[in-house]
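What follows is a pair of complexes built around chain A, which joins chain B in one and chain C in the other.
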Partner chain A sequence: MSKIRRDYENSLWRKLVRFVYGENDSFHEKAGYDIEHPETEKRKEETFFEEVDYTKKKKESDKFFAKYSAIAEKRGEKVYNHFYKFLAAITCFSIIMILLVTVAKLPSFGNPDNPVNNEVSERYIEQGLEETGAVNIVAGMILDYRAFDTLGESHVLFIACVCVMILLRLDKETNDPEKLKALENDRDFEPKNEAILQHAAKILVPVIILFGIYIVLNGHISPGGGFAGGAIIGSGLILYLNAFGFKKTEMFFTTKTFSVVSVSSLLFYSLSKTYSFFTGANDLHSIIGPGTPGAILSAGLILPLNIAVGAVVACTMYGFYALFRKGGI
Partner chain B sequence: MLEFLSGLNDKPFEAVAIILFGIGFTTLFLHPNLIKKIMGLNIMDTAVYLFLAAKGFIYGRKAPIVVDGVTSMEAYINPIPSGLVLTGIVVSVSVTAVMLALTVRLYRRYHTLDIDEILKIIRKEGN
Partner chain C sequence: MEILYAILLVFLIVCATFACLHKNFLTSVIIFMSYSVVMAIVWMLLESPDLAITEAAVGAGVTSILFFVTLKKIHAMDQEKNCDEETDTSEI
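== the complex of A and B ==
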């Protein structure tokens, strides 16, 4: 009863009525405060005592728990180690069976009438060459129709490299003995100035990097593109680093190079694609046309975007390796 | 006996992808070693790529690179799964690198790669 009445006294309608009649409701609030005050005080005291009891009990139970959980842990671990292979086999088998039953109901493999071959892929194949100018339909798809997706991918790579840098970077001007030891021992387990590796690298590295550049530049007219070519360039840089050490690579690739190349590539990608989306959405004339399909300078923005993506990927690959190896690019 | 799996006769690549997925998932889920957990996740990634690539394939058609100006749907396979696999590879490389970096930090702190040992040490330090 009282609850209903209190609710009514606080309700919007009652306030409006009071406002309309010009009633002063200070009495009501004061009374309400006076009534509620001792209750809350009481409740607070109760909880205070309960908390004290609770912490005491918790300490006791923690001791009890620690005493017996140690035994249980040891025994559980033993049982776990004993049955690990058995349990793993059962889990693996049951997951595989559940998924296989699902896959058995899917449409058959390699059938042109599958629902996956719908009007979207038809559009990409039949209109792609005309609209993007790229002979490689996949390149035209990921760097023109779905360029936002690829922008996100490049950012994922860059951010992952930055995260690894945060986690693993070592300061050179440090006094921590462990870190200094890690810096000194960098090449402890690696071959130092090995003749075979150096001679092989002298021949291989230029070829690998040239091949990577070729794949990046031909991304729109042949298989490949920024990701594949960038990974190849990165692996060439890693081979060079392994053969000649950090002193040589630091002459042309430092943290500053990494940040400048990555950030300017991502910025160029964003700005050029902003222009492309702006003109496309507003039906304006873009100064970048698709060009003649098959020529190296064709396919509009796909070639420069491939170069930007390739630069980001190469920097990231080399950055990952250098960070894991010595804790700094 | 296995009639409910008879639908797999014409889907060998999907079946292999599912088996790889199960192996990777079990390794990720049950192996105590952190590095092997990461390996399990990578095997799962590979299984997903194989599954997507198998979904895009069509018998008797070529890779989606225009030859001699032929732009009809009957000439090429589905290009969309190829693009999706590309995205997946990039994300898996990034995730693997971050996970390995975290593992390196954990090893430097606890001097073990066994997740059970690490949890034990954390529990001891908490008390």
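== the complex of A and C ==
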């Protein structure tokens, strides 16, 4: 062992690290810590004998605890416990009552005089079809009037997936034996070629993914939209992954695919909506018109934005699952 | 229709309570899954099919799968299995 290394082992920082990880409380040692020193073996033996005496110590501590609890009961610990439970029950009950009173004071469901039915929703319902060209008013709201909200939501999903990647990703080039072991362990969880699952997946996966694509593409005509369709496509991909394993999915979906698809979708969303907001706010003529309502190629930007949101959501859902399972997409 | 609403809403309350109170994690997640499915039906009855589709796909599908994977990661399922095996051997 070199001199520098020994200094490092004795350094305050190293002691702190060992203290934090609970290896031993080196702050109480005067002699310092040296692996090759014969004293360490001696110390190990001592600790070993201490462990043997553990049952005796436990008896002593039990006795001490019994004595202490007896004293505590005398001093009114029991009363305090009862009081604590009583207070918790009162707090819980009062919160329940407050919430119930609030719910009772809410305006009744479906009443036309509710404060929700103001000029904003009136405008959405009356002018929405003309202004956005979307038959599905909800799609017109979330991707045209309030497209900024949806942009934030997609970014939140993307950032969440990136954070999971930072936390759970395992590098393949790592030399850390513990991490390599974890990687192998997770590979052991891979499907064992179950015939029932594979045959079911062969029939179900195309249907699920096709249904997801249908929902994404018809977001402006029928109920659904980018988020729901993307989640369905993601679930289909997860089922495929469970049935056939990572080797099959890695052929078409890798970390590169994930980053390219999500980043380009978010970039397209931001840029196209920037153009749309710019022309709308300055009363300029936009080259993207609402089109004929009801046609598949209509409603201006809503169809491409639905596709972008769907791509981000599908990638994120699949990415979450793959990162949880094997520490990499 | 009123009776159907009442049944569904009571089922939701029961599901929510038992998802919190059940000691077994796996059972909790499955109860939560059934809660999501019933919630999707309630959304459908409230005439918001958008939310129904999303609830069914995200609440009952992806979230539950992620819960299962997490339970596997923290070895909650293995522990149950081991506990069962231990009790079996002790009984024998």
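Operating definition for what follows: the second predicted complex is superposed on the first by the 230 of 329 C-alpha atoms of A that agree within 3 Å, B and C clash if a C-alpha of one lies under 4 Å from a C-alpha of the other, contacts with A are read in each partner's own complex, and residues count from 1 in each chain.
Criterion: a contact is a pair of C-beta atoms (placed from the backbone, for glycine too) under 8 Å apart; a residue touches a chain by one contact, two chains touch by 3 or more.
None of these values were measured; they are calculated from a predicted model.
Asker: Using the superposition on chain A described above, determine whether A:S235 touches chain B (first), chain C (second), both, or neither.
Answerer: second
Asker: Go through the superposed model and pick first if A:K105 touches only chain B, second if only chain C, both, or neither.
Answerer: A:K105 contacts chain B only, not chain C.
Asker: In the superposed arrangement, which partner chain does A:G128 touch: chain B (first), chain C (second), both, or neither?
Answerer: A:G128 sits against chain B, while chain C stays out of touch.
Asker: For A:C163, using the defined touch cut-off, is the partner it touches chain B, chain C, both, or neither? Pick first, second, both or neither.
Answerer: In the superposition, A:C163 contacts chain B only.
Asker: Return first, second, both or neither, reflecting whether A:F324 touches chain B, chain C, both chains, or no partner chain.
Answerer: Both: A:F324 reaches chain B and chain C.
Asker: See if chain A has more residues touched by chain B or by chain C, and give me that chain.
Answerer: Of chain B and chain C, the partner in contact with more residues of chain A is B.
Asker: Output check: A:A147 vs chain B and chain C. Expected answer is one of first, second, both, neither. What do you get?
Answerer: Touch partners of A:A147: none, neither chain B nor chain C.
Asker: Can A:Y84 be said to touch chain B (first), chain C (second), both, or neither?
Answerer: In the superposition, A:Y84 touches chain B alone.
Asker: Considering only the touch criterion stated at the top, classify A:A311 as touching first (chain B), second (chain C), both, or neither.
Answerer: neither
Asker: Kindly classify A:G224 by the partners it touches after superposition: chain B alone (first), chain C alone (second), both, or neither?
Answerer: Touch status of A:G224: second partner only.
Asker: Just to be sure I follow: which residues of chain A are touched by chain B in one complex and then by chain C in the other one?
Answerer: Overlap of chain B and chain C footprints on chain A: residues 136, 138, 223, 227, 320, 324.
Asker: Which residues of chain A touch chain B in the complex?
Answerer: 62, 66, 73, 77, 84, 87-88, 91-93, 95-96, 99-101, 103-106, 108-112, 114, 116-117, 120-122, 124-130, 135-138, 141-142, 146, 149, 153, 156-157, 159-161, 163-164, 167-168, 178, 222-223, 227, 293, 320, 323-324
Asker: If we count contacts the way the header does, which residues on chain A are in touch with chain C in the complex?
Answerer: 136, 138, 189, 215, 223-225, 227-228, 231-232, 234-235, 238, 317, 320-321, 324-325
Asker: If we count contacts the way the header does, which residues on chain C are in touch with chain A in the complex?
Answerer: Chain C reaches chain A through residues 49-50, 53-54, 57-58, 61-62, 65-66, 69-70, 72-73.
Asker: For a test of understanding, state which residues of chain B touch chain A in their complex under the given definition.
Answerer: Touch list, chain B to chain A: 4-8, 10-15, 18-19, 21-23, 25-26, 29-31, 54-59, 61, 63-66, 69, 71-76, 78-83, 86-87, 89-91, 93-95, 97-98, 100-102, 104-105, 108, 116, 120, 127.
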